[in-house]
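Notes for the one structure printed next.
Lettered A, B, C, D, E and F in written order, each chain numbered from 1.
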Amino acid sequence: MDIQVIINTIWVLVTAKLVFFMNLGFAMVESGFTRTKNTTNILSKNFIVFAIASLAYLFLGWGLMFGDGNGFIGLKGLFLLQGPDNSPLTGNDYRGVYSALSWVKVPLYAKFFFQLAFCGTAATIVSGAVAERIKYLSFIIFSFLMCMFIYPVVGHWVWGGGWLAKIGMLDFAGSTVVHSVGGWAALAGILLLGPRFGKYENGKTNIIPGHSLPLATIGTFVLWFGWFGFNPGSTMTADPVAISHIVVTTNTAAATSIISSTITSYILLGKPDLGMTLNGCLAGLVAITAPCAFVTVGASIFIGIIAGILVVLSVLFFDKIKIDDPVGALSVHLINGIFGTISVGLFAKDKIAGISTGNGLFYGGGVKLLKIQLLGVVSVGIFVFTLSLIFWYFIKKTIGIRVSLREEIEGLDIGEHGNIAYPEFYIKKTYF
Amino acid sequence: MKKIEAIIRPEFLLKIKKELEKIGHFGLTITDVEGCGKQGGIIRNWRGEKYKVEFVEKVKLEIIAKDIDVEKIVKIIINTARTGEIGDGKIFILPVESVIRIRTGEEGDAAI
Amino acid sequence: MKKIEAIIRPEFLLKIKKELEKIGHFGLTITDVEGCGKQGGIIRNWRGEKYKVEFVEKVKLEIIAKDIDVEKIVKIIINTARTGEIGDGKIFILPVESVIRIRTGEEGDAAI
Amino acid sequence: MKKIEAIIRPEFLLKIKKELEKIGHFGLTITDVEGCGKQGGIIRNWRGEKYKVEFVEKVKLEIIAKDIDVEKIVKIIINTARTGEIGDGKIFILPVESVIRIRTGEEGDAAI
Amino acid sequence: MDIQVIINTIWVLVTAKLVFFMNLGFAMVESGFTRTKNTTNILSKNFIVFAIASLAYLFLGWGLMFGDGNGFIGLKGLFLLQGPDNSPLTGNDYRGVYSALSWVKVPLYAKFFFQLAFCGTAATIVSGAVAERIKYLSFIIFSFLMCMFIYPVVGHWVWGGGWLAKIGMLDFAGSTVVHSVGGWAALAGILLLGPRFGKYENGKTNIIPGHSLPLATIGTFVLWFGWFGFNPGSTMTADPVAISHIVVTTNTAAATSIISSTITSYILLGKPDLGMTLNGCLAGLVAITAPCAFVTVGASIFIGIIAGILVVLSVLFFDKIKIDDPVGALSVHLINGIFGTISVGLFAKDKIAGISTGNGLFYGGGVKLLKIQLLGVVSVGIFVFTLSLIFWYFIKKTIGIRVSLREEIEGLDIGEHGNIAYPEFYIKKTYF
Amino acid sequence: MDIQVIINTIWVLVTAKLVFFMNLGFAMVESGFTRTKNTTNILSKNFIVFAIASLAYLFLGWGLMFGDGNGFIGLKGLFLLQGPDNSPLTGNDYRGVYSALSWVKVPLYAKFFFQLAFCGTAATIVSGAVAERIKYLSFIIFSFLMCMFIYPVVGHWVWGGGWLAKIGMLDFAGSTVVHSVGGWAALAGILLLGPRFGKYENGKTNIIPGHSLPLATIGTFVLWFGWFGFNPGSTMTADPVAISHIVVTTNTAAATSIISSTITSYILLGKPDLGMTLNGCLAGLVAITAPCAFVTVGASIFIGIIAGILVVLSVLFFDKIKIDDPVGALSVHLINGIFGTISVGLFAKDKIAGISTGNGLFYGGGVKLLKIQLLGVVSVGIFVFTLSLIFWYFIKKTIGIRVSLREEIEGLDIGEHGNIAYPEFYIKKTYF
């Protein structure tokens, strides 16, 4: 068999496994940043969500996203990857209905598994934002709908040969497709759910600290590690120059964002705050996700710095407007997903890692690319936010989305699962 | 001086504290305890099976108060911590012979 | 016999224990408690914002002592646990009617 | 009414509870405590070296009982919790002035 | 050097590393599912067991398993891989005494490390089942014997060119060779050890919950991740179509098993139980281990569903017959190892991922393959269970296998190690 | 593109990611081995240190280490990898200023990221040794200086074509370059910091146990896993025979060291001590790091055994001379880094994995190689220790290196970060 196919397949599968592993990262960050009384519930959500994504994406999501169709959705080979497809053949030899990925020299199932891992990520982002008050079943249903419809449709627009791809929107590894989509869906959920009991009382904000910084740190390291699959893997081809470049831009943006978020929190609080350092790392990674293959290492330094500042201010802002996001998912994934996508329009340098993109604003390319990126951000935002609102609303009106107040006070672990996470430890009682 | 010991549901602690502050009482000590009484244990699940936890989590409030304040404090606790359901807890009043503030060495009512 | 209950700062526990050993007193029981009083809560940070923890961590020392030892023990506690800053804690003395050693069944002063 | 405070080895707690239930007594409150006394600390290892933990883990049982039940309860505790080895713990009996059930407001023996 | 050798070696080593990493997964699942007072002990067992396996398998295990010999054991090149072997040469060029793996185009040490990682897995399965009462030293001795004799002999039968291989038994990645072997050895141990003190009292079963669901969740995610080495790595060749296929069947079975075990526990308990969701994931993975390369993705859906139901019922069943398995290892590894092996006989579809197997019962192949699979299950079961009983019995009669009752009540951490796992935390006292 | 370049790049990047992942391992070992009141601080240090390393190594470190220059430092292409470099071209085709790595057939950024991961490891070693009393900012500054100057200079000597490379010193994956360098820097820090409050009182040593053995075990497994990137990745070339060999020597030394440290602690304490088993594993891994490609598997057995004994005795020794190293970093990284480097001179067997080294003392090569290794150990030791002392001293005299006694007693989490790691758990108060 073609040696390039073998090598690509190894690369795609190994990086997909790293992206899969990010599920552990999300589970730990989100449980570390919330309270013991809801730990079992959060672990349950973040564990089951990849199973849900696997089935939803297998049954229909993949087809909607990569099936040949119009500019808005895939229409062929919709169910269970059943469309004809003779991958790993490519180019003129390709015969099949998933032509948007026909350039990728790997077997169909390798493409599928890689893309599935990304779909799972988008869904798991929602979990943290709606934590500590959402019904388990309602979350499961929303995740299913999201992986089956919302994510694939946007994915089709940008990566599946849809209208945004056609006008030239660039989102290398998914600042928009994965992270902003997760963020918009989460925002819609938060708005319909309302804040946690006790969070905003008589105009005062009660801070609710998370229960375990070691878990949150494990999670963030695992995510950082996983991002070395997420970004360079998105080449879907073992192109040595591109993947080496992407690894370095990715890591550099994470590094500068860690520093800038730490300094920002230091200035605001008088002390460097680990929670913000961790969120800062993720912010930098989200921001560099779209531009990682299109910008220089020098530019990645600046993208990281801005991401780290943005995430701190954004956390404070959401609290000020009483949008209760227990883990900072909106600040990390939505705000920095948007910023990352826009930053392509600012920092893109043509062919920097071999891919022709045209130059961004700061490299003399004018505002052309920037405008396209902005159009992508806005249209994806409107679509995802609206559709998510509809789905959440539908769930709210049928089975409900929020647990009872009594259950919320006692903890969702008991109410939803009849279980507690640490049955042998003495836990301080919380009063809200 | 008396010692008031109240075994209450944990979720009422903060409310009681605020009510006590309103009447000018600030000093109290709390301990995490577990209790049993009329209220049976709690049923939980574990890998496919149910089990009962015999003891229920409560908070013990200890307040040393001047004799004249005891009644007021007891009333506040009762009013704030009552749900009417089994498990609301109990209040015990014990005699205290003397109280000393470590910081100043003050004794008696002045030390409360 | 009396029961001496002292609410102290945790860091002084070991020193007090050693001082008590010097005068030949070995038995004591400690409990982790939280308290509030003159000392306000503690300010902490969490992901970019500050918040106040209402209760301060303390240790409760319980010592059952013969009547004649009470004064000595109280003095030791006061001397060892005093920093002079708010939050040093308090000592309460309660009457005890009887003491029994489970191992032997001994009662009264012999059981202390 | 009396308050019975028993410091016991943790492993006997459940047995005592069951024995008390047999004589019809259900109410009790437990606290995790640590103690020292005749029983020395415990030796543990840590990365190649031994160290001594000064305090031994115990459970404190608090039972408010009618005067006539005190003796029975004390007997049960002694019989159930005795191993005969150092560290079995102690029982203290304190006077109680009044008891109130928060749920109903009942006072005195009726509230126990 | 032959480019295929290079690529294969990378594939084999990378997947072997993932399998190695499963040791962390087992350590976390097993300590999360047991009590704090025994945590140091369980961590110690699960940590040292890979060192034990490394030495036992190096000294003799590998030789017994892959050395040329008769249908029952290897006889050549027994000790320390000292047999002549000119890997990575293959086919007619191969000169050496490990001819069962002479088709694998990688150097000898790569073959060894990959197989060692599997051997270690079989041993670590036992640890959880005998937890909270076994003597540390006795566990070490049994593990040594298991990795030196029991596992290699069965391995020889199925993968080393032995009699089961010859009659055509199919066990792609080891539902039988690894998981059932671990399960049978554990069952023998449990029977000789008896249940934990307090578990079954006066005809009543006392449930003993584990101390940390976050640890158990970390462990399960790590195992799931590791399985993406375990199953596709078992190709030992970077065959793009096969490995892509295997990744997807593996993940799909895990996903459906997660859902079916969660629903089953929901029906039984009225609430979805995270412990069962986690066990369900592992059950699906164990079940798909044998058939992963031989069945369609559609079939993997059903294999997963059945595995998830089986594991719940099996946990309840073992408790009913008073076989005390603290972590559910028998239900996961033994029962689903058996089911997975049998499922090959039911669901196999010839050449689905390029390997010729004949069809299983449901694909018109009749009961031929099914019978062979059953014969494999039964003969391995009898052999491993009997030999394990003998080894356990021998250890029991010499140094003893169970700690004293006093030590069990106080916790094995103090008794066996003089250590506790969480010295600064207040832990609730358990009364049995 | 040259297929070998593609394969090498995958190998180098995948192993670099594993080395990166070791940051999680260090964070967990070090926080598990220290107290809850300092957990946030240790996590913060071990998290931010890779960001610091990323920037320091990018700005100047890489250039000093691999830029063409004299025997002592690199002088060309110093800043931001800006030197001309036409990697992945090699040999006569290479044009550039980083000729020490011109033999490596991968793009420049792949070389950089791999080397960065090693630099980060050296820095993170220091964190544990100075834990529980150092100021956060002072640690950050030292780490920055270390990654920018100390590590790169030594790296230049041994791996960058400097004077030690020229006289033939062999340090395959960095027992000296990474581990001893970290160890010496840590030792200098400890000496200027002094022991933790309460550790040595009136001639008595108070043992201060770590707060979580599960975290320490997670960490050690992750490190062991990461070492399968560290050692075989240091080929920087996908050479099947070499990497397979290295994987097996690495694992075997870890295995025997685990056993020997466990037995040693058993003899000393009467019980096998998990903390020592974990440290033993790391000791074996550090010791085999220099010789992994130069010795037989048989030799790796002995290297591991010795490492395991050394680490136990060394921990006791440092406590006896009142050098307070909370996590045993000196015993693991410094002592076994030295031993590993020396063991090359003892056990090297020419061309065992294809690399020509000459034989060590035990293989009839006389003391020639041994002397060179000793010279390397001593000169690196003097250089790193002295320069580190100067840096630490400079920091001490300006912003100070130690927190106030009150802060140390209350815990650095509150003092340095205003945060605690486990806000909902009841924690036992410590009295020093």
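Criterion: contacts are C-beta pairs under 8 Å (C-beta built on N, C-alpha and C of every residue); 3 or more make two chains touch, one makes a residue touch a chain.
Owing to the predicted nature of the structure, the values given are computational and were not obtained by experimental measurement.
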*asked:* Strictly by the touch rule at the top, which chains does chain A share as contacts with chain F?
replied: C, E
*State, to the nearest whole Å, the distance from the C-alpha centre of chain C to the C-alpha centre of chain E.*
53
*asked:* From the mean C-alpha coordinate of chain A to that of chain E, what's the distance rounded to whole Å?
replied: 34
*State, to the nearest whole Å, the distance from the C-alpha centre of chain D to the C-alpha centre of chain E.*
46
*For chain F, which residues are shared contacts with two or more other chains?*
3, 7, 10, 14, 209-210, 212, 218, 269, 271, 273, 275, 417-419, 423, 425-426, 428
*asked:* Among all residues of chain C, which ones touch two or more of the remaining chains?
replied: 14, 31-32, 44-46, 50, 94-95
*State which pairs of chains touch, listing all of them.*
A-B, A-C, A-E, A-F, B-C, B-D, B-E, C-D, C-F, D-E, D-F, E-F
*Any idea which chain F residues touch chain E in the complex?*
3-4, 7, 10-11, 14, 18, 35-36, 209-214, 217-218, 220-222, 224-225, 228, 232, 238-241, 243-245, 247-248, 251-252, 254-256, 258-259, 262, 269-275, 277-278, 281, 297-298, 425-428, 430
*What residues on chain C touch chain A, complex-wise?*
44-51
*Inside the complex, what are the residues of chain D that reach chain B?*
3, 14, 17, 26-32, 62, 64, 94-103, 105, 111
_Looking at the complex, which residues from chain C come into contact with chain F?_
10-11, 13-15, 32, 42-46, 50, 57, 59
*For chain B, which residues count as touching chain D in their complex?*
2, 6-8, 31-38, 54-55, 58, 60, 74, 77-78, 81-95
